[in-house]
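Quick heads-up: structures coming right below.
After this come two complexes, each holding subunit A, first together with subunit B and then together with subunit C.
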Partner chain A sequence: MNSLFTPLSWDDTGYILTGIWNTITISVVAIVVGTLLGMVIGFARAESNRAVNVLFGGVLDVLRSVPLIIQLVLFSTFVGAIGYPLDPFVAGSIVLSLYTMAFMSEVFRGGFESVSQSMQTAARSLGMTYWQTIYHIRFPIGLRAVLPSWLGVALSVIKDSALVSVIGYMELLRTSEQLIGRTQQPLTILIGVGIFYFIISYPLSHYGRSLERKMAI
Partner chain B sequence: MEYQFHWNIVFQKMPELLNGAFVTLHVSVLAMLLGIVIAILLAIAKMNNSKPFCYVATVWVEIARNTPALFQIYMAYFGLGAFGIHLSPYVAVLSALVFINAGYLTETFRGGFQSIPSTQYSASKSLGMSSIQTYRYVILPQMLRRIYHPMTNQFVWSILMSSLGILVGMSELSGTTQRLQSASFRTLEFFIVAAVMYFIITKLVLFGSSLLSRRLFKGEI
Partner chain C sequence: MISVQNVHKSFGDLEVLKGVSLDVPNGEVVSVIGGSGSGKSTLLYCINAIESINSGKILVNDIDVHSKATNKDKLRQKLGMVFQQFNAFPHMTVLENAALAPRIVKKMSRDEAMEIAKKELEHVGLGDKFDVYPTRMSGGQQQRLAIARALAMKPDFMLLDEVTSALDPELVGEVLETLRLLAEEGMTMICVTHEMGFARDVSDRVAYFHQGVIAEIGEARQVINEPQNELTQKFLSKVR
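Up next is the complex of A and B:
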């Protein structure tokens, strides 16, 4: 008997693994790029005056107040419309990185601003140059303070990476959706997918919370 | 750039978009209210010593916090179908949002509750307050102050995440946008308008929330 639907089999492992791999790749790219850009912008915002901050803040605000899914569709249609269609991975990485950057910059800004002015003054009075103060005082102390929040943003990026499926990137949820279409076994597949995300996210979020508790004391 | 913008069609369809925006607001408000109710129950269960309730609450919170929102929506939309429960897109998105909101708010409420030192209970008692008075005049006002901002953030998050309705064919703002653009091929125009509308909605919510907080807390926050 030939059926339209075929049950889930071991042959699908490769397909699922591709999805897992793609989810991991795009999350890592977005977290790394978003962290680096966020750190630079966060530092710039902690350093600069009101006018620059309003300008920066406005752009970052848009990135944070428009749903990621809309940003993804807009960006990929836009580059297509101006004649440079991008691969879903590239388009997705760019949007997800900028989105991550918007959240990371706030995290880092808070961290850098938490380093007290008197500590910086003390460092300067010890004869450190401006850059030495940044390198030896502000970065190490500021960055340590943001680790729990950084972890929180990074975890939400891993979860949000599922949305890149909307522009056709074959990440885990999209592969699973296609498998559901073929096998008609939604529950098995979805539970598997849920377990994957849970295994990544649960230990890290616990570590983040314990870190937060340790730092609070 | 060779792309020609055609805004006319978007303005013609404005009523439908506004209707979609209304559904977005509607589903997020409902998800927030139900989420708050469930979160209060879960927070009580988590702080309680009775094992089964505490266990259920912990599992709920951890699943909600550690899996993607899209996964929850798929679970409600496709996954429950395996049990013969077929939800409409609206109900599927609503239940997923309620599930997640409840999960996050539980921790917020618990944190807010535990942040109030136990000495305050003894102090109120020594002033001759009944336990209802203690909660009404001492504990809850302080708690509300601590959980107000996290709750606002959660609400904004719900509005933004309800946009995932686009993937299950719900007719909220993004879903409507998707439907209209596929009928007219003016993808860019429609999604730009949708983005602007989301931005305005979030800003209005944040503005309203800060006005309310100024009234509620009289500037001392």
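Up next is the complex of A and C:
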């Protein structure tokens, strides 16, 4: 009689690749959407008065301080309860993107605020309009300054995307959990998954450090 | 011609300019001296419409600077300004720094803008620095870049706000030399400065600012060497 468990085999490759693909997809979605929204909000916060900032800041603080796993469960339960259950990918993308946005907005705000008023006045004194100054001076200087911290947030989002498994999204961690259940080879599988995250993260963080060195000059 | 007519300017409750009048005809160089906080920078900012005014009038080439109908971006093209901070755009080469405004503000072609930028950079002695990033240059070179960048817009006037104050002493000379050259070429300039030698030798007239008013104004040599006003005498004896 065959065992209840079947060992890991090459037939599982497709399944694992799906997990990898899904991890990459949701990470890319969250990083792209989170970056774009974060840039807009970061700019708005750098530009606007106290009242707007307190309002914005409160919401962003909540997004940043409530653990992602709780946000995921609460959000997907909530949309289910009001009768609009969402596909785990969609629900996960929304929550992870907003979570990313909350961190990115602080990163970008810092970058835009790092461009001195005097630098902007100098640009205006050349006849440049407000928006020309934003586009040619403030954005490029600010964005360069935040590249290393942007990369840091992006990396942590890739890792945090594993949490989307709790609402049933078949990303890498969840596929591997299921494989573990079937094969009872947790060590092999988890080491494999760990290596995957490392392979993705290490070159990026290495690149980030070298950028940082280059720009420190 | 720049004509400042009885200008008042307050920041909140603090009145910084208390009725300032000053006419600078074309070709004249006026140096503005005075103690810290007396309103010298504010005057330049008001002329350039970076700051608004509360009352009075400022005319630049007969255009009312603070009238609602005035296009301030367009007006500023005629008023080159250089600051105490170097403000070089760090993400661009020296040449790009100087060519940016001609290209995007005056809508020149890239080549045309580069051409003008190169000429002005050579003008200030940076002919060998086109492709360098400004953070790699000395303060004196960065300040000359700021001057060339302003000149590339072909301004009718230059407003200079303590452009040598942030420089190491040994670099002050090269920047003053550049300004002297501009003065000799007939550029109309208002220079806020702490360099009394420069004020005396290069400018036509010197204005002494005291607590928001021009306490004394006259021929440069006379104001610096034989000030009539007691306040000017006191100030000059302190800075010398």
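Here is the rule we use: the second predicted complex is superposed on the first by the 216 of 217 C-alpha atoms of A that agree within 3 Å, B and C clash if a C-alpha of one lies under 4 Å from a C-alpha of the other, contacts with A are read in each partner's own complex, and residues count from 1 in each chain.
The definition used in the following text is that a residue touches a chain if its C-beta (ideal position, glycine included) is under 8 Å from a C-beta of that chain, and two chains touch if they have at least 3 such contacts.
The model shown is predicted, which means the values in this text are computed figures rather than measured ones.
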Residue contacts on subunit A - larger count, subunit B or subunit C: B
First, second, both or neither for A:Leu86, with subunit B first and subunit C second: neither
First (subunit B), second (subunit C), both or neither touched by A:Val62: first
Which superposed partner A:Ile24 touches (first subunit B, second subunit C, both, neither): neither
Which superposed partner A:Ser205 touches (first subunit B, second subunit C, both, neither): first
Partner chain in contact with A:Val40 - subunit B first, subunit C second, else both or neither: neither
Touched partner set for A:Leu74, first subunit B, second subunit C, both or neither: first
Those residues of subunit A which subunit B touches in one complex and subunit C touches in the other: none
Of subunit C, residues touching subunit A in the complex: 48, 50, 73-74, 76-77, 79-81, 83, 85, 87, 89-91, 100-101, 104-106, 135, 146, 149-150, 153
Complex contacts: residues of subunit A adjacent to subunit C: 116, 118-119, 121-129, 132, 136-137, 140-141, 144, 217
Partner subunit A, residues of subunit B touching it in the complex: 1-3, 62-63, 65-71, 74-75, 78-79, 81-83, 156, 160-161, 163-164, 166-167, 174, 177, 187-188, 191-192, 194-195, 198-199, 202-203
Residues of subunit A that touch subunit B when the two form their complex: 62, 65-71, 73-74, 77-78, 81-83, 155, 159-160, 162-163, 165-166, 173, 176-177, 180, 185-187, 190-191, 193-194, 197-198, 201-202, 205
